[in-house]
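Below are two complexes that have chain A in common, paired first with chain B and then with chain C.
Up next is the complex of A and B:
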């Protein structure tokens, strides 16, 4: 039984923006896979809802004229995991989308909700971090764009300002063309689980060298994060087992996992390091296959 | 031949179409809901409680505290009553308590118009407590200065021991090798799909009706009567469809409260349903065990002696008490009857959720330790794990050294040989020799078990059925056996159809039970229902068949000895030609003006045997050392459960049991804060039972012995499949890596620590050997 005080169904993004402006205490709900859980736990923050679930203008995956990939915030994970465009150009995101929950969750949960929820364990976040994704937000003050890495302010805190709706996620052309990638979710079971550690790699090779290398983690710190020192270690280096080991060692300087009853810091660090190795190798294999 | 066929279970269509009505589908108008106020500390005493604000909240019908409920404690375990008062379950529970014994203990209850109001009212209750040190670990619990969680108990619920065979101390002294180790199992939970749910109302001034999701309707009736001091005959318990129990509903947990509330609210319907979070801490769990096993072994592969010492932790309340540790140990003798063995066990209280009955009742814990130790003994003399077991296990005709009864049917050796072939033991042993170094390794493991088909002679084994011939020639059965999903209704119909000569489609067991009319049986537990029911169903079916043939004789003028029933017809027994169809006969029994009458047969039968059952698990696993992960490649379970009545249902039991065993092996455990007694992961996100994706191909097979003590040759199968997967997987891990992990579950973090200790991974240096 949910203690819902008011519920307003938005017919469009503009209407959602107007409803949020008129009802400052209201919160957005899309797939409901996070919001309804909070309501069930008695959260008072989500008792007034503006529903944007199912808005066609938020559910799309497209290439814009500049070859940037645009993903509507209301796109569900099933769509992402099965989209030819995503599978062809953003395999790292397809991996992440396919690892979320189970089929029922993936049919309901949206990528926008996953990001705005702010969880450090969000499966789509490391992939978007590794893709240098931009978020496009709309409010009655207009549009603004923000890099996904800047959107995360702290544990479960994101830079979603009052009255704002996340409209789309943009992967710039230069951030994905010529890149291969992979996301691996390390969890306690193969479905219906929260990541113990999530790791995304996006890389570009030039001959035997790594022309570019981006690596991002979930649950390796208070927010999803990139690994600048590991990336610096990797870029422009000859591809070799030694380099992969160096990267695996370097990520430990970039992360700050903590001990919780779910896992100790030592164990998480070990897995973080092993995932750098595993995910980088898989991404390199994907380059070779192309 | 209705038995032995894979007929579709009789409730399958109702269930998959959503038409089957479970307790929560049934509704009474003006029904109130009750919610518990649960303690937020694990050990303490309530010194003050103020419910006035909660009581005055609009929509609140009543608030009761521990001060308002009957003072006499009662026992909740769903056992048959023992006529010997010294063998009764421990009565240590009241409807509500001011003595807090675990985090989540029930202090007060709010009854309101709906859940939200009840939830708001709970927040208005003010409680003041004196906290006591939390007792969780056996060493603290048994400290002579420790507070007694139940006064006068010394924190022990029970203790016992036995021994059989030659002198153990001298056999150990003379053994070529002695291996000794300690094993730990975790607190796990049943996680049946349907949470506990009950509602009660009064349909007359002096009668209580209880609709409940239970495995034991007749015992619920008795225990509610005891808890409320209310006449049993004025309590009616209705059992609708049940969404699983696995032992958690072999306990009378919320029915007494629901009955108490309706009694105090003028008969108004009151419902209690658990949220999943409450279900996990506030119902029952499996006892965690600490077990030390010492095994003496000879170079020729003979197990020389065994010494087992077990501590079981029952948590805050006795529930099934010491019975679980007693039952678990009691199966050792049937598995290794030739090995002199000593067993000692004690069961302790702790400031933890209460443990009770759970699938296989102590055997998963004891057999895990025993079969890990057996593996270690085999390795000590470098003998093949299967050959070692074949040399030492029970054989048909052996005497159970504990009960002194002859084991009439035993196909365990055949199970091991069949399983060894199914997994490809010999060829994989050779192949996997190349997988003993490097980051990814492979291994094979085996473990076996014995179990029983009921509880006799510890408890009574009674089964009752009432068969009646309907007007159209079909048969309805009212059975005391409680269908909770295990399929007893279907196999009981098959048994009766088999003996009657009627097609199984024309025999139906009435699903819903009502203690006012359902014949007496103690319920679904101990894998007993098909075994004990078989003896009642067989006798009742023979009797009904006699009645039918006698009536046919009257109708046809033929002698009943010359008649038989086949394919829903009365036939001449010599030529098998139809003489009369059953429908014509049935109409005659009801409507002929002078002859006959409704044909019924009712039998209540006490079974005074408990046929041992056997089986084994073979596990083929791959271990990713750097990722600290075990991947199950294949699991084979082979069972001797006597004649298999319905192969597809039997395989379903094996698949379900193996999945449950896999969860206990790799991921399921209550993570408990040792400082506060808080269960960190009391929800289904953080408590990890395996999904479909985590379950490997499971091959189930059966060695069909014909058990003479059963009406249809069948023995128990419901619980056994859960027992041997954990030690088989642990033994496969040992085979793959050389690392013995002697605790359950073997989670990635546990592997990380074990691999670090054994030098297989070196944290901080990012690498592995």
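Up next is the complex of A and C:
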């Protein structure tokens, strides 16, 4: 039994928006894999719930007329990891979705919850950062769009304004078409673990050059982050082992990992650098295979 | 608003329709164990880590300890109690017995449900040990060392009719 003080079921996004407006202290629950565990651990932040669990309106993966990929915030990780559309166009996100928790968790946990809880270790976050994803939020003031990188304000703090519901995640056509990518989660265990470091790369080649290169990390700072100096080092350069080594060195200027019981700052820096190599190479291999 | 909140739900449990008024604070696991007396599904960690409470909701494997009872409204729940039919173990259960994949037995109901979901999804396919391990990564066993469970899953795959 959870210490739920008030429970309100929303039958639609509009209903959820109205309930949040009427009950400013209430919080959303979707998959429950995070909120219910926090409640179990005695958190007082989630005792008033607006329930959007299982809303069909929020569970979709689609291609819009402009070829942007739209993912409903209530889509569970199993859907993402198995979707033909995601596997074909956003392998970096399929990798990330497949590395979350274990099978039961992937069957329950939603991508929207993974982003809105603000965890720096969220597996989907580095992938969405590397895909220049946009978040579409709805409140009683209407819709607003925000780039995922601007949504993260600090550790466990996101720009989810009172009364807002994250409705969908949009991957713009120009951000994924012609790109290859990969996400790798380094953790102590192969499953049911939180990333020590997660690394996502999305890149585009033109002949022997890197036409575009984006690299993002989880747990490499207070929020998931992109690596502007490494990206600058990489773009328009000839693809070579030397370039991969330069990128692996440059990422260290972009990150600020901390020491925790899970790993020291020094160990994380080592993993960050090694993952830049490993993930970039896998992404390049995927370009060659296409 | 605070205090007791009740909600009427209708669900199917192991094929039997069932109507209950539930406290909205309850988990599906508590509904099964306390209200319906189905104590085969175990309470392990209570936090979605160990899989001892694994059940199928509309044939999808979930941890019943972090699944609200009210979410089961309109759903078909399968628990370990429904797997044996007319006194005959399901092929998955039989494979666990034959392979000796059980020691203390606490994790077994959850494992059997995980394997049942796995066999349904991969019927007729050739699967690697790695695929089997990944699909059972949400279930912990502290006795067997997993080797016998791995063998039981492989044996279960020989019965595609399940």
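In this text, the second predicted complex is superposed on the first by the 289 of 290 C-alpha atoms of A that agree within 3 Å, B and C clash if a C-alpha of one lies under 4 Å from a C-alpha of the other, contacts with A are read in each partner's own complex, and residues count from 1 in each chain.
Everything that follows uses one rule, which is that contacts are C-beta pairs under 8 Å (C-beta built on N, C-alpha and C of every residue); 3 or more make two chains touch, one makes a residue touch a chain.
Being a predicted model, the structure only gives us computed values, none of them experimental.
**Student:** Tell me the contact category for A:262 with respect to chain B and chain C: first, second, both or neither.
**Tutor:** The answer is first: A:262 touches chain B but not chain C.
**Student:** Once chain A of both complexes is superposed, is A:6 in touch with chain B (first), chain C (second), both, or neither?
**Tutor:** Second partner only, chain C.
**Student:** Using the touch definition from the top, say if A:102 reaches chain B (first), chain C (second), both or neither.
**Tutor:** Both: A:102 reaches chain B and chain C.
**Student:** First (chain B), second (chain C), both or neither: which does A:30 touch?
**Tutor:** neither
**Student:** Give one of first, second, both or neither to describe whether A:190 is in contact with chain B, with chain C, with both, or with none.
**Tutor:** Both partners, chain B and chain C.
**Student:** Does chain B (first) or chain C (second) touch A:53, or do both, or does neither?
**Tutor:** A:53: touches chain C, not chain B.
**Student:** On the A-aligned overlay, A:245 touches which partner chain: chain B = first, chain C = second, or both, or neither?
**Tutor:** First partner only, chain B.
**Student:** Show which residues of chain A both chain B and chain C reach, each in its own complex.
**Tutor:** In chain A, positions 1, 3, 102, 190-192 sit in both the chain B and chain C interfaces.
**Student:** How about chain B: which of its residues touch chain A in the complex?
**Tutor:** 114-116, 119, 626-628, 667, 671, 673, 680-681, 685-686, 688, 690-694, 747-749, 752, 761, 763-764, 766-767
**Student:** Per the contact definition, I'd like the list of chain C residues that touch chain A in the complex.
**Tutor:** Per the stated touch rule, the residues are 1-3, 5, 23-27, 30, 46-49, 51, 54, 60-63, 66-68, 70-71, 114, 117, 134-139.
**Student:** Once bound in the complex, which stretches of chain A touch chain B?
**Tutor:** Residues in contact with chain B: 1, 3, 42, 102, 186, 188-194, 196, 245, 248-249, 252, 261-264, 266-267, 269-271, 273-274, 277-278.
**Student:** Within their complex, state which residues of chain A touch chain C.
**Tutor:** Residues of chain A touching chain C: 1-7, 9, 32-33, 36-37, 40-41, 51, 53-54, 78, 101-105, 107-108, 190-192.
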